[in-house]
Amino acid sequence: MFLKMLLGALARQKRKHLMIAFTVGLGVSLATAMLGVMFDVGDKVNQELKSYGANLNVIPKGASMLGEMYQLGGDEGGGPALSELESDFIREDELYKIKMIFWAYNIVDFAPFLTLGVEAGGRQVPLTGTWFDRHLSLPTGDEVDTGMTAMRSWWVLEGRPGDEADPGGVLVGRELADALGLAVGQTLEARAPGGRAATLRVRAVFESGGDDDRGIFAPLPLVQDLAGRPGLVQRVEVSALTTPENELARRAAQNPGSLTRIEWDTWYCTAYISSIAYQIEEILPGVRVKPVLRVAQSEGAILSKTQLMIILLTLLTLLCSSLAISNLVTANIMERSVEIGLLKALGATGLSISLLVLSEILLAAFGGGVAGYLVGLGLAQFIGLSVFGSTVAVKAVVIPIGALMVLAVTLLGSLPALRALLGLRPTEVLHGR
Amino acid sequence: MGSNRSFALRMVLWSLLRRRSRLLVALTGVTIGATVLLGLVTLCYDIPRQLGREFRSYGANMVFVKDVVGGRLGREDLEAIRRGLSGDSLVGLTPFRYEPVRNNMLPYTAVGTSFADVRLTSPFWQVGGEWPSAPGQILLGADVAEATRIQNGQRMAIDGRNGRQERYEKDFTVVGTVRTGGVEDGLIYMAMADMEEMTREPGLADLAEASLASGGTGLAGLEARVRAAAPSVEPRLVTRVTRSEETVLAKLTWLVYLVTLVVLSLTMICVTTTMMTVVMERRREIGLKKALGAENGRVAREFLAEGLMLGILGGLIGSFCGLLFARLVSYSVFGRGLTPELHLVPITVLASALVTIVASLWPVRKAVDVEPALVLKGE
Amino acid sequence: MLNPEATFILDIEDISKIYGPIKALQNVSLAVRPGEWLAIMGPSGSGKTTLMNIIGCLDSPSSGRVTLDGLSLDSLSSGELTAIRRESIGLIFQQFHLISYLTALENVMVAQYYHSLVDEREALEALENVGLGDRAKHLPRQLSGGEQQRVCIARALINHPKLLLADEPTGNLDETNEALVMDILRSLHRQGSTIIVVTHAPEVAAHAERTVVLEHGRVARDTRSPLLQAKA
């Protein structure tokens, strides 16, 4: 009989139940979309922040960054003389290992650099060899495309981007190109201190807004030949997706030895910038990995702020949809005071009425919730695609959260109204409202 | 007619006041809508601005040099730049002066700067030890500290020659080391006053960095103002920072807008359904009024008045809650309060009233279209 | 209005009402004189309610003619029907249908409000006439069923309707209150009001001077009370 009444009510009061299902559906879709975005926004924003360039510098243990100072202070340029020691270099053929550390998937891009002072057009000019867009086949069977092009997203190119297949094609900085009167397609001679020379063809003129504008970027083998340092590079820039630093990460960065075993495991298995740096040092012997704090710290700050912001927005959304759902349920129950009064007059107990009403509402809510979940998935993808151009990976945990929310909200939302109605005397409801 | 109008008002007021539980339901609905509306719109106004400030952690986005190669900025240039940049968006302006110096016969580069300003323009510096606070104190780059093995608290003798080729020498106390993972690790930092005293050449900077909480057109405008204020100064955008900031900030802003749009529209629909439920409950009352001879328009107008009052009341309460919420988010996320956009309050109240009216008119229309007889007989 | 032949306040000629496949009324004709007290009886499903709705201008027949106070109701819009209802008809409901958030007095004033102008003194007088002068400030839920019905009657009378239409006016009342309500109706009849009562209770119908019995949508009997006939 209970079932008959339930089904009858559901079928006959279609409009009211549709309304509940609709509102619950809206609430759930909102919650699903926001939770989906919330769990994924960190990764997405992290990816976006990669446009600021590398956050790790890999240099040989013996070398320091002292050389770079020569680029500053309006120096005529030319770059430092190359060291004679092989220990001041990193072997190019070992670089693929960077993609084989524990957090390999968090390594977005990396590129090696070798800078040599050359004479070109009657001036001393820094000539930097790099990978523009290198394809690597790893021993693990993975295929990787990496290189500098993606790590200099702020460069404005006039001409074609650097190409590994064009061994003599170079990118010339805007200031240098203006000074030498170079245009895309022209060639220039570069003479290295050792007497070796090469002909460079300008593929593009770039504007970086920094000191790079006074230099030339060329494919790595060309510079290695000119320098007489085959298979060697001076430094590697790595762009990695990282987790914002916390207290543990700061302590580990100071001294990994100070951690307890468990702390160490946690640290090692979290994508902190310091643990990624540590893992690269482990896999490439003889290097030091320095986090570029300008990038790494800002990333952390912006990431955690964005996440916090989205979390708060999600909480607000959940709160509001909860209130809206329970509000509607309250309205729905109030509307049915006559029906409930009648049932009481017929001798129904408070419990059985509550059960009937609640199961009706829950059934409607369930239907709405499922539909809302699907709509929410769609909304999350819509947000992901239109903002970040990629789909949002909705975590499975969203489903139980959503289901619990609907259940709790619907039940809690119904209670005050149900209590008020059960307190009514049937005659009051039936006669002269 | 006056008494009729006051009776109409009386009906509407009693309808709101004597049906307290129903009023509460409807009011809650409207208040939620208004809270979300004002809270989110305020945040939408505020978040891009606040995030823009967060992005200043990437350091300077505009650099100033003298327009002749090798030229240096004088004190009056710096003041002109500061004048040109003055305004809300200026986070900091820091001069830098580079001098080749020696310590123990080894070459280094010493940098004169203003530490108070560096802390604003380069918040990413990690300083071990203290920031210099008294004359004669310096910061060593991490690589320099490692190479020289000079520890915090030890003394360091620096010598060199100035522009007139006069030799100078001065003893400093190292109070801290700076680590950034970049060029800064290889430099020695001192206060500009110390640098002037040491080299006996006053007030010259090779370049100045400015951190500006502004993007795109705003930066271009500031650039033009500096050019006007200091014609011999060449402002340059740090494209690495400005370009990346533009793309990332645009996406984040778009994210906030989109989320707001979705939340807002769904919330408004929720409010609408709630209002509909509340009004549908009164179909019988509508039928009665029609049976008593009320025209459709008159019944509709009464509901309109009720909706208007509900909307205004809910809108006011919601505005208050919304501002509170926006403040909360702003404080907990960005650690800053926000200026309440008070002109949004009337808009919120208006929008709430509009939503309430639209939400109640639809079911009222349906109810008045129904023959009153059906309403009277039906349960 | 100036029809000299308007000897009938209500003249129904051969009306039918069809809801889809259901013929609620078939070729019903009925004429009511001013001052008459008519009872419409019949089992449920006989078309009582439909007939009452049509008389009360709450509904229109599918075919046939209705003339109320000399005014043909044919082809009137729902707005025009509303206006006639407001001017000419007072409705009394089985469920009373008082507005829950208004006091007894205000419920009476609602009818004034939609009709013309509110007049609190007149409304209070109307309540006093049904013996509720002291209950004017009470809300419906504070009134007994009988009191609510009397408020409903006061509301129906406030605009001096030409026709008083009561749908099971005592259906929800106990005997004492039923007697009270019937007393009010009787005194109204004495003052010359035209009253139509729809009911299935013979003891209520017995008060009327004329009884029309509907069966299956048709008029089965149209009788005059022997008592009143003798008087005539």
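Letters A, B and C mark the chains as written, and numbering starts fresh at 1 in each.
Going forward, contacts are C-beta pairs under 8 Å (C-beta built on N, C-alpha and C of every residue); 3 or more make two chains touch, one makes a residue touch a chain.
All figures in this text were calculated on a predicted structure; none of them were measured in a lab.
Novice: What is the identifier of the chain with the smallest separation between its Cα mean and the overall Cα mean?
Specialist: The most central chain here turns out to be B.
Novice: With chain centres set to the mean of the C-alpha atoms, which chain is at the far end from subunit A?
Specialist: C
Novice: When the centre of a chain is set as the mean of its C-alpha atoms, what distance in Å lies between subunit B and subunit C?
Specialist: So the centroids are 68 Å from each other.
Novice: Between subunit A and subunit C, what distance separates the C-alpha centroids? Give it in angstrom.
Specialist: 74
Novice: If you average the CA atoms of subunit A and of subunit B, how many Å lie between those two points?
Specialist: 22
Novice: Do you know which subunit C residues sit against two or more other chains?
Specialist: Residue numbers touching two or more other chains: 95, 100.
Novice: Among the residues of subunit A, pick out those that touch two or more other chains and give their numbers.
Specialist: Subunit A, residues with two or more chain partners: not present.
Novice: Where in subunit B do residues touch two or more of the other chains?
Specialist: Residues of subunit B never touch two or more of the other chains.
Novice: Which positions of subunit C touch subunit B when the two form their complex?
Specialist: Spelled out, the residues of subunit C in touch with subunit B are 49, 53, 56, 58-59, 78-79, 82-83, 85-87, 91, 93, 95, 97, 99-102, 106, 109-111, 113-115, 117-119, 139, 155.
Novice: Note which residues of subunit A are touching subunit B in the complex, please.
Specialist: 16, 19, 22-23, 26-27, 29-30, 33-34, 37, 41, 45, 48-49, 51-53, 57, 64-69, 71-74, 153-156, 207-210, 290-298, 301-302, 305-306, 308-310, 312-313, 316-317, 320-321, 323-325, 327-328, 330-332, 334-335, 338, 379, 382-383, 386-388, 420
Novice: Would you tell me which residues of subunit B are touching subunit C in their complex?
Specialist: Subunit B reaches subunit C through residues 1, 3-4, 7-8, 10-11, 14-15, 17-19, 284-285, 288-296, 298, 371-373, 376-377.
Novice: Given the complex with subunit A, which residues does subunit B contribute to the contact?
Specialist: Against subunit A, the touching part of subunit B is residues 21-22, 25, 28-29, 32, 35-36, 39-40, 43, 47, 51, 54-55, 57-59, 65, 69-70, 98, 109, 122-126, 143-144, 146-147, 179-183, 185-187, 206, 236-244, 247-248, 251-252, 254-256, 258-259, 262-263, 266-267, 269-271, 273-274, 276-278, 280-281, 325, 328-329, 332-334, 379.
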